[in-house]
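Mind having a look at this structure? Questions to follow.
For reference, chains read A, B and C in written order, and residue numbers begin at 1 within each chain.
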Amino acid sequence: MTTSNPQSFERESSWNIDQATFLKALRQRYTFDKVFATLALLAVVFSLFVLAVLLIDVFIDGIGRVNWSFLTSFPSRRPAEAGLVSALVGTVWVMVLVALITFPVGVGAGVFLEEFISDNWFARAIEINISNLAAVPSIIYGLLGLQVFVRVMFPITQGRSILSGALTLSLLVLPIVIIATRESLRAVPGSIRQAGFALGATRWQVVREHVLPLAMPGVLTGVILALSRAIGETAPLITIGALTYIPFLPELSLKGLQSPFTVLPIQIFNWVSRPQADFYSLAAGGIIVLMVVLLLMNATAIYLRNRFQK
Amino acid sequence: MTISSSPPDPSSLWKPNRKASKYVQRVVVWIFGAFALVSVATTFGIIMSLMLETINFFKTVPIWRFLTDTQWTPLFSNPQYGILVLFSATFLTAIIAISVALPLGLFSAIYLSEYAPPQLRKWLKPALEILAGVPTVVFGYFALLLVTPFLQFFIPNLGGFNALSAGLVLGVSITPLVASLSEDAIYAVPESLQKGAYALGCTKREAIVGVILPSALSGIVASCILAISRALGETMIVTLAAGQNPNLTLNPLVPIMTMTAYIVQVSLGDTPAGSIAFLSIFAVGMTLFIITLIFNIFSFWFVRTFREKYE
Amino acid sequence: MISDSMNQTLTEAALRAQNVFVYYGSTLAVRDVTLDIPKNKITAFIGPSGCGKSTILRCFNRTNDLISGARVEGKITFHGRDLYAKGVDPVEVRRRIGMVFQKPNPFPKSIYENIAFGARINGYQGNMDELVEQSLRSAAIWDEVKDKLKESGLSLSGGQQQRLCIARAIAIEPEIILMDEPCSALDPISTLKVEELMQQLKERYTIVIVTHNMQQASRVSDKTAFFNAEATDKGGKVGYLVEYDDTSTIFSNPKQEYTRDYVSGRFG
């Protein structure tokens, strides 16, 4: 079989399509390719554009408000005098507590599931349970906190207190810490464990001395991501009844844990939902403060992860 | 140790306290095991606290009226609790959200995994993660104070509170979730399939649309279901931007009230514990919990059933 | 020795490689390969791993383009036209020069769709059912799958999957089929079936097969090219063509010492 035209790849074929038609169609196919690639790029660009517009809009609306007195004043009915010190302090209290609760509990649960129980039905059941919990709407955790921490555990928490809020948010973000812990433990090579066992160490000694230190950057990343989720949560705290007007700071003692509280997102929500436009710029100022804290936390997480991956 | 002319017995230098090590380990295992059980206790606690108050609620409001009434008027002298009203609102915003998030998220995933140069990808992924980390109350602010006025420019009869603007912003907020889960699914497709497609004379788009996406379909569908479930349970955007008006409507231009917005509304007020309005938020919460649970189980089942096993 | 073998080749060349060098980034992977692939024959590429036989194979349908940093120098002509000339489209090349991979890679679609997919995107106008049946028959798998065309291609056994992939390749009517160790993941019986199939296919197609298995090369091929790798100064390896001749000559009376050592199993 020879071709009449050596410059083309054409040959006889049962396909009733000739070379010219094929090439014409091919040009069209490439046009579709370009459109497709452009759409894909546009999707990313659009998402990031929205993010940029959001940040710029908030910045323009709120930067004029962010000053020392805004950070140190209590909320007020008069927009000009209002500040967010009680929300800021409340957020710090709640975040510290959430960190103190989720770190040991989350890491302990992760170590237990990954290192101490083999792949039996119990481990699988807990695993399915955790992945399901991660998808439960946060407001449902608020209802849980309202019943269990605010009402049943009233003698300990004194109701709608910092402690109730922190416990509620801890349960909410615990799955994040457990999953992150398990993933980082899984990334530690098995040979490290075997080397430890070969020296006669118990499983716990091996985990404590060799495995956990190697997994720690990943674990810390998980904890920070969990905290950055918790810091922005509003709905569950509204549900357990965090107040929006707190003209005092909690006492710096164990008693302070039982004090009523507010946090940044709730203060922002309160300002946004007021009908008077004057409060909107306060909300924007609050968002700037919240986003700065959040970005710092995320930057730390990304930094830790990049170091971890090397 | 005895002093003698001969070197000391080496075994006397080794006093492993194996009993103590074993004991410590046992204590640690028990404590950590208890920590792991916290997650089980959480699930149990959620179900119990929702169920108890929901049962109390249904003692006053018959369940069939809850499911069939078409009014939601808890403050009227003759209150009606038709969950359809809140459900339709939740559903409407979720539908709008996913019709934004699916194309945006899927195309973003395609761009990141197939087109973006590695250097650019290194910057785009964290940027999308920042978008994912923006608190929803911030998105609510954005929807209410920027997107709604912007849309009113084109749709003059758009209400100050409306499902459209809330749904659109909600969609943007779940886009990173769709993108990252879909990207994972696309990554899991073996490279050999892509090569096979190219060897048949596919262009890049044809390989992606014809082979890679169908091969990743189970993961993409699962990401979509999870995103819908997230949209159904989202609270702050819809509370701030969609309104507090229980309307049985699928019109995206008027104020509505979602299930989550209702729970927030009651929580903000001084509703005494045990009152019927107080109990109603648990019934609404239970409904929301069951719906999202069904979505999650469905997504889990879908992946299990339709995931292709590549050797 | 290469010119000798070319003189013996009286049949028309389907593909002609002239002084082909392949680079990955700045490292040279294969140097100076010149050979003609005769039409309607089976040509086998053998040699130890890292000798560049698969690399050269991938140059023939420009699948090396998909590896970032890969670069081809020299000339590979198909119907007298340089495959790497400007304006030559890789999609068009691949549509004419099909490929079967080391591991069977059926698409996770139905058996029918596996065959129809390539034809559809390349603008096939005829009766699709006929094309599917014809292709499956040509790949000697029709009888095994005719009752389950709607089932997933992944439900087949490894050997059947590989024949499905061959059917998929011939459905778009290429002139040449490149096979990159098509039997290395298969059991002996499936291997035998694929080898029988190759003998039937060579009446209509030109086949180039890369194989690790010297028995396979001697059983199925008409011509054999032996590649070897040599160490470079930088500590890497670069592949080159040692000898190219009729298969019987390569295995019974090779001209090169290296070839003799390799085919008699002294290294590799």
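Structure notes:
We adopt the following convention: contacts are C-beta pairs under 8 Å (C-beta built on N, C-alpha and C of every residue); 3 or more make two chains touch, one makes a residue touch a chain.
None of these values were measured; they are calculated from a predicted model.
In terms of the distance between Cα centroids, chain B is separated most widely from C. Set side by side, B-C and A-C show the greater C-beta contact count at B-C. Separating the centre of chain A from that of chain B, both taken as means of CA atoms, is a distance of 12 Å. Note: centroid distance chain A to chain C, computed from Cα atoms, is 50 Å.
For chain A, residues that reach two or more other chains under the stated contact definition are 29.
Listed for chain C are residues 91-92, 95, 121-122, each touching two or more other chains.
Contact of a single residue of chain B with at least two other chains is seen at positions 203, 206. Against chain B, the residues of chain A that register as touching in their complex are 29-30, 32-33, 36-37, 39-44, 46-48, 50-51, 53-54, 57-58, 61, 104-106, 108-109, 111-113, 116, 126, 128-133, 135-144, 146-148, 151, 171, 174-175, 178, 200, 202-205, 228-229, 231-235, 238-241, 265, 268-269, 272-273, 280, 283-284, 287, 290-291, 294-295, 298, 302.
Chain B contributes residues 190, 192-193, 195-203, 206, 210-211, 214-215, 308-311 to its touches with chain C in the complex.
The part of chain B that touches chain A in the complex is made up of residues 16, 21-22, 24-25, 28-29, 31-33, 35-36, 38-40, 42-43, 45-46, 49-50, 52-53, 103-108, 110-112, 114-116, 124, 126-131, 133-142, 144-146, 172, 175-176, 179, 203-206, 208-209, 226, 229-230, 232-236, 239-240, 260, 263-264, 267-268, 273, 281-282, 285, 288-289, 292-293, 296-297, 300. Put simply, chain A touches chain C in their complex at residues 2-3, 6-9, 11, 13-17, 21-23, 25-26, 29. Chain C makes touch with chain B in their complex at residues 61, 63, 66, 91-92, 94-95, 98-99, 101, 103, 105-109, 117-118, 121-122, 152, 154, 165, 168-169, 172.
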